[in-house]
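Chain naming follows the written order as A, B, C, D, E, F, G and H, and within any one chain the residues start at number 1.
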Amino acid sequence: DFAKLDYHRALRVGYPEVIFTEGKDIEHLKHILLDMIKREITAIATRMSKDTYEKIKHISDKMIYNELARILVINPKENEKVGKVAVVTGGTADIPVAEEAAVTLETFGNNVVRVYDVGVAGIHRLFLNLDKIKNANCIVAVAGMEGALPSVIAGLVDVPVIAVPTSIGYGANFKGLSALLTMLNSCAAGISVVNIDNGFGAGYIASLINKGFSGNGVIK
Amino acid sequence: DFAKLDYHRALRVGYPEVIFTEGKDIEHLKHILLDMIKREITAIATRMSKDTYEKIKHISDKMIYNELARILVINPKENEKVGKVAVVTGGTADIPVAEEAAVTLETFGNNVVRVYDVGVAGIHRLFLNLDKIKNANCIVAVAGMEGALPSVIAGLVDVPVIAVPTSIGYGANFKGLSALLTMLNSCAAGISVVNIDNGFGAGYIASLINKGFSGNGVIK
Amino acid sequence: DFAKLDYHRALRVGYPEVIFTEGKDIEHLKHILLDMIKREITAIATRMSKDTYEKIKHISDKMIYNELARILVINPKENEKVGKVAVVTGGTADIPVAEEAAVTLETFGNNVVRVYDVGVAGIHRLFLNLDKIKNANCIVAVAGMEGALPSVIAGLVDVPVIAVPTSIGYGANFKGLSALLTMLNSCAAGISVVNIDNGFGAGYIASLINKGFSGNGVIK
Amino acid sequence: DFAKLDYHRALRVGYPEVIFTEGKDIEHLKHILLDMIKREITAIATRMSKDTYEKIKHISDKMIYNELARILVINPKENEKVGKVAVVTGGTADIPVAEEAAVTLETFGNNVVRVYDVGVAGIHRLFLNLDKIKNANCIVAVAGMEGALPSVIAGLVDVPVIAVPTSIGYGANFKGLSALLTMLNSCAAGISVVNIDNGFGAGYIASLINKGFSGNGVIK
Amino acid sequence: DFAKLDYHRALRVGYPEVIFTEGKDIEHLKHILLDMIKREITAIATRMSKDTYEKIKHISDKMIYNELARILVINPKENEKVGKVAVVTGGTADIPVAEEAAVTLETFGNNVVRVYDVGVAGIHRLFLNLDKIKNANCIVAVAGMEGALPSVIAGLVDVPVIAVPTSIGYGANFKGLSALLTMLNSCAAGISVVNIDNGFGAGYIASLINKGFSGNGVIK
Amino acid sequence: DFAKLDYHRALRVGYPEVIFTEGKDIEHLKHILLDMIKREITAIATRMSKDTYEKIKHISDKMIYNELARILVINPKENEKVGKVAVVTGGTADIPVAEEAAVTLETFGNNVVRVYDVGVAGIHRLFLNLDKIKNANCIVAVAGMEGALPSVIAGLVDVPVIAVPTSIGYGANFKGLSALLTMLNSCAAGISVVNIDNGFGAGYIASLINKGFSGNGVIK
Amino acid sequence: DFAKLDYHRALRVGYPEVIFTEGKDIEHLKHILLDMIKREITAIATRMSKDTYEKIKHISDKMIYNELARILVINPKENEKVGKVAVVTGGTADIPVAEEAAVTLETFGNNVVRVYDVGVAGIHRLFLNLDKIKNANCIVAVAGMEGALPSVIAGLVDVPVIAVPTSIGYGANFKGLSALLTMLNSCAAGISVVNIDNGFGAGYIASLINKGFSGNGVIK
Amino acid sequence: DFAKLDYHRALRVGYPEVIFTEGKDIEHLKHILLDMIKREITAIATRMSKDTYEKIKHISDKMIYNELARILVINPKENEKVGKVAVVTGGTADIPVAEEAAVTLETFGNNVVRVYDVGVAGIHRLFLNLDKIKNANCIVAVAGMEGALPSVIAGLVDVPVIAVPTSIGYGANFKGLSALLTMLNSCAAGISVVNIDNGFGAGYIASLINKGFSGNGVIK
């Protein structure tokens, strides 16, 4: 009774509730997962460490765990994918956050193209991959350290860019603050920003946008 | 020659360059405005104070100044408006930032519905206006102080919410930091955030989204 | 002799001293606990980890440990409970802090009603539970991430709201700073705030308020 | 139509809406004030500078302005005062914030006792005035610089202490941050905190508490 | 006697002392300037506002003031210029800081090429000017807002890049903090950073580097 | 009655109360000053701007104002000076803060030697003046920007160094934070620190130390 | 050869160099300790964890380790103690930092009186111990959480107070920042501050002061 | 395919790409290293912990690991060294960061002179070693705690100083922030700064400078 799952959410906002794993008691977590599995709701749990997964994996076989993305999909089901979202990273160390976005997007029924390790220190790598990126309804741009990638991309494309700062870096990076401020202050227009390392949040809003563009949103 | 205007931008990203007024020398500013006027480009200059406007208004009659929104439109032209974006505020003091978003949206050819002063301290006001808000392809949610409005809205709608923190408040508000952090940490999904007081940035990306939803973006 | 326990406190402020466990040497801690047990003072020690409890539990059987709340009650005794305080959380991960408040309240003789997981991302859950909340002399509102719950509640009730930010979240949450600033800047009146994760502090002041309202405080 | 006044608030939470003056357009402000005056609602507008008052004072004679407290009372009416709240300051420079609390309390029908300039640098001054302070249902403790006053008071009394940090000080005071952190981290129990310089917020919650203690709240 | 001018500096470090104007009493400033003029030392005073200049300009005619760069040159003399340093900016509002660097460089005997307004939001502008930039012994890269320009440049050239964050921007820019952190965290190698708005400091170290490269430093 | 002057202080701590001028209402200030003048207490008021002085100077002729130090001495009287304190600055812009310390010291009966403009950028200037500095019972070291002077001094002397960070500087100086952190983190022993720009506080504690060393303190 | 021990320091500043243990390689550390032991210098190493001590304890028997204070004394020798310094704490969790100060003081030849757990939440405990405190040439006041103890003490005594903030606390304590800011902003005069948890630094400067007061410093 | 190695970099900027080890998946890392080894590129991987090295060391024998510097050199080859760079530290705990710079410099073909443990607390140690330092084309100055060393050095030499703040220290050091701000605010000219603990970045730019000075850069 401690958890009030929001079963109307799928009706109201078009997607089921998403479970935030961190900080939850294992018994609470099992209880919530089993309840959703029983109701046959397809949903995801985010920020689930390998450790936590090991502790809950026995409760059901209707769950698929993606270690890199740290996402658990409950009652996974095949879906048809629409439109296209490009998920782009500055470096290879940003890939786990990018995968959190990509897996969220795919679970919610979007085509994803991954373009990784094209950061501004070797800007020609971005240009070599520009076609893939431009050819999307929305771009999720993931970068740590100075986080300049979304600014450069937004100056080159005509679709919304969702920027995700990562905590990759050290020292005056202050656990992602540096990249976060960079992205919020971008001199390029067409960018909006989610929390540090919040691949899920970026994937979620990118899904709303891509589906709208693809005629799968609620067109008015 | 000091300024390198980006005349290909309209071709490349679908909109002309936008002039950031603050910090520019008046002579530089006049030079840039006249050059654009001469080339018959429809564009906007943002964050223009009344004071600055008074100093440049004599250079041409092809400019319209909106004092509340602090925006100057150059070579204004009639446009047909598509889709719908809701611009919502928590309080009445957030209206100038909201108008910056709304004027940007209208100049770029989007229908706008304004729903002001429906903040979380009197949550029933939001519910009374929910139909107007839900009936939009994208929502720009503007709030200062604790900035909780976008979280509540995003839990009620199925379209992207662009959150704009304002610097309204005092003390531990730290000039908008409080609202900014609130919005970045929202437990509701479907939100992304722009810089403090950045009505223009929110309007710009909302325009990209609304046009895409309305079939006026580059559908792939 | 290193510790100067404040035995007059119960006379002076109506409650015995509370022991802050963190950072104390185990031998010092045992010494303080035994001294209080010997004097038959009913008191609590807060922020006691499971680990620390394991190290001290053998010293006496006049102690009850609550793991979720991380509270040790010394010389527990039955008490009659008065009035009513509602302890409310935004998510399920906020429950340990809420339990610290609730156990403090119950030990000090207050009736408590728990309403957990009714955060602003699914605001209807709050409305469904509003009767329980309104029907209280004081509300302890516990929330992490953006911490918007107290603002919404304070706009709906006519009793004091004690807001407790938690460190639940990540990235630009900065270990609870986000929720703390939200609560300090609330645009709703009737809220005051305690330290991040300070369930004990919230429970203590809520007890003072509830007892005063119930005619069990020192009425003047 | 831009402002959605919350006329049910008095019914719902027991007090009328309070107007936050800062950042509002003068025309908007006049509009809101006149509307409330016409409806014969007794209310207050806070953080109104002398300057702003000069610009609006001609619109009606049903307004009383308190310059030190920066509060405007609309449709002032005589009220019977109940209970007692002590408003205490550390220094003389904290008096304006204290008066904001005191005027709020008096307008809402509470007896107030003022005890100013009794900060911890000369702690005997507090002891000389302790009777006045103890003899209250709630204490509003206002302090700048290091803000230690509420901690000392809370160790001496058995009623709730509402702590108000002020921005008085300089250098590493960081505009009140120093006093704010002090109060949030108080090792004395029974304290909760409002925003820097938020005399109104402290007065409001103290009023809720005092009325509850005095049997004028909604006793359950 | 209050000021201890460092007349050996020119011998010791190769350049005369530089006067920091801000915060100095006008009488102190005049005293220092006249002393240097009398000794026929060629030197500069930095961060001198137009206002201050108006107050001291009558003391001698051996001074040239550059308003945009806010620099006063004392005992200006013709010098032969060596090598080449490129001074590059992201936007037009960064020009005053860039000019502080450029004027410092020219006064100290370096050739300067200015390439302004080539920021990352329109990256093709940088590529169009790359020849001018590459053709230099050292690059001073000046940028505000997100400050990404130095990262992109450093990935394209084989000479040292001195990065100068400016305070241009607003909101989460925090007066240049955003650009400063970006530059310190650059994932491109070959960059080092000076203080926010410190055009002088960048010009000074760029001069040391350019002269060394040009065989005019102390080669070992 | 609003101000509770601490007339026992001179007896208790050896010095009269010191008036902090900033933020005080002019009428309150006059009242306090006149009260002290009437009681023939020799005292000082600190941080008094020229402006404020102009508004109060007519109330009595028993006051001397020092504009550079921003100190007002009330009932000034001749005193014999003991021992010696060196007040040292890094630059000439730090002189006002240094004078606040020096005037405090002299008013309280200490000999002062001033050694200004000997900062670490030209370290030989410090060595040239070392005899004057070493020949003191206590050193007040005042520095802005990076604030490294106290560290260097403390490595050269065998007496206590009181370090005063100033707000001189710009950009990442953050109004004195830079110098403050430097001084708190000094790798040299024998340093303690007062608030940014707090010349008064440094002078006060240096006076306590010098008098103790000189046999004029309360020797035990 | 990597370490340049400062053997003249004892001559120059009156005390031998002090070794900062943290971050040093074990082999480097052994090398430095052995060198000092061989030269028969009495010295201390600070911030040595139990772990590190276990790794080096075999190298010599001329070392005494104090675990609570985390100090290693090398070539300990009997000394006559002069004067008196009071070391005072707010809580029992502050004792380790206080012991670092006390052991430093004793090793350097000062009498120490310890007065622990007399924080402002139970201010009468301070008054009961005031005689011991007043009867000292210098007071080291150690406190965590809100750190208000030094302010209260400095208002009661006529000797210098060296304030030491500790990192005891949680949440908005920010690892001691709260107590640090409190102490820097004290409205009581006669306080100066050292780094968070820097018991050694406080002990060192208190030793300089106490010896000067006791006629054992270099009297001028 | 996830990693886009920048093989043209050596041609474009004169050095091969540098691998940032932290945060990379072990399989990704092995893949990247093997690819570079196969192509016979001499390169380095930075910030590689002993742990990580143990996991990858079996993949090839064409790698040399330096534990203190945490650098892995791939396809190491003999090179002729030119010019001279001095790497200087304040303390012995700064040596690991200094070694990161020194090893980077040596791998890239520069002569290095190491001068360690000459911090400002014993400034004579710096003077004793000044000849070695002055006799260099560029100085890398590494310091933690207050980080004052670069300021002192820059006042004594006529070559560029690259300042590296380290995270050595505790409390108000805030993991290197203190030293970083010190260096950015240096009152000495000729300094530029890299990220906290970024020995690699300092070594890289120092190499560019030294080679240019030595006639091995691209002289124009």
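Here is the rule we go by: a contact is a pair of C-beta atoms (placed from the backbone, for glycine too) under 8 Å apart; a residue touches a chain by one contact, two chains touch by 3 or more.
Remember, predicted model here, so these are calculated numbers, not experimental data.
Asks: I need the common contact partners of chain B and chain H, sorted by label.
Replies: Output, common partners of chain B and chain H: A, E.
Asks: Taking each chain's centre as the mean of its C-alpha atoms, give the chain farthest from chain A.
Replies: The most distant chain relative to chain A turns out to be F.
Asks: Once chain F is fitted to chain H on CA atoms, what angle does the rotation have, in steps of 5 degrees?
Replies: Superposing chain F on chain H takes a rotation of 180 degrees, nearest 5.
Asks: Scan A-C, B-C or F-H for the interface that duplicates G-H, counting it as a duplicate when over half of the contact pairs agree by residue number.
Replies: A-C
Asks: Based only on mean CA positions, could you tell me how far chain A sits from chain G in angstrom?
Replies: So the centroids are 50 Å from each other.
Asks: Based only on mean CA positions, could you tell me how far chain D sits from chain G in angstrom?
Replies: Here the centre of chain G sits 43 Å away from the centre of chain D.
Asks: Among all residues of chain D, which ones touch two or more of the remaining chains?
Replies: Within chain D, residues 20, 91, 121-122, 154-156, 171-173, 177, 180, 184-185, 187, 189, 195-196 contact more than one other chain.
Asks: Can you give me every chain pair that touches, using the contact definition above?
Replies: All touching pairs, sorted by chain label, are A-B, A-C, A-E, A-H, B-C, B-D, B-E, C-D, C-G, D-F, D-G, E-F, E-H, F-G, F-H, G-H.
Asks: Spell out the residues on chain B that touch chain C in their complex, using ranges where they run on.
Replies: Interface residues on chain B, with respect to chain C: 90-91, 119-123, 145-148, 151-152, 154-156, 169, 171-174, 177-179, 181-189.
Asks: Which part of chain C faces chain A closely enough to touch in the complex?
Replies: Those residues of chain C that touch chain A are 68, 91-93, 95, 114, 116-118, 121-122, 124-125, 144, 168, 170-173.
Asks: What residues on chain B touch chain A, complex-wise?
Replies: On the chain B side, the touching residues are 12-15, 18, 20, 83-84, 135-137, 154-160, 162, 180, 184-185, 187, 189-196, 200-202, 204-205, 208-209, 212-215, 217-220.
Asks: Which positions of chain H touch chain A when the two form their complex?
Replies: My answer: residues 2-4, 6, 8-9, 17, 20, 22-25, 28, 32, 47, 165, 167, 175-177, 180, 195-198.
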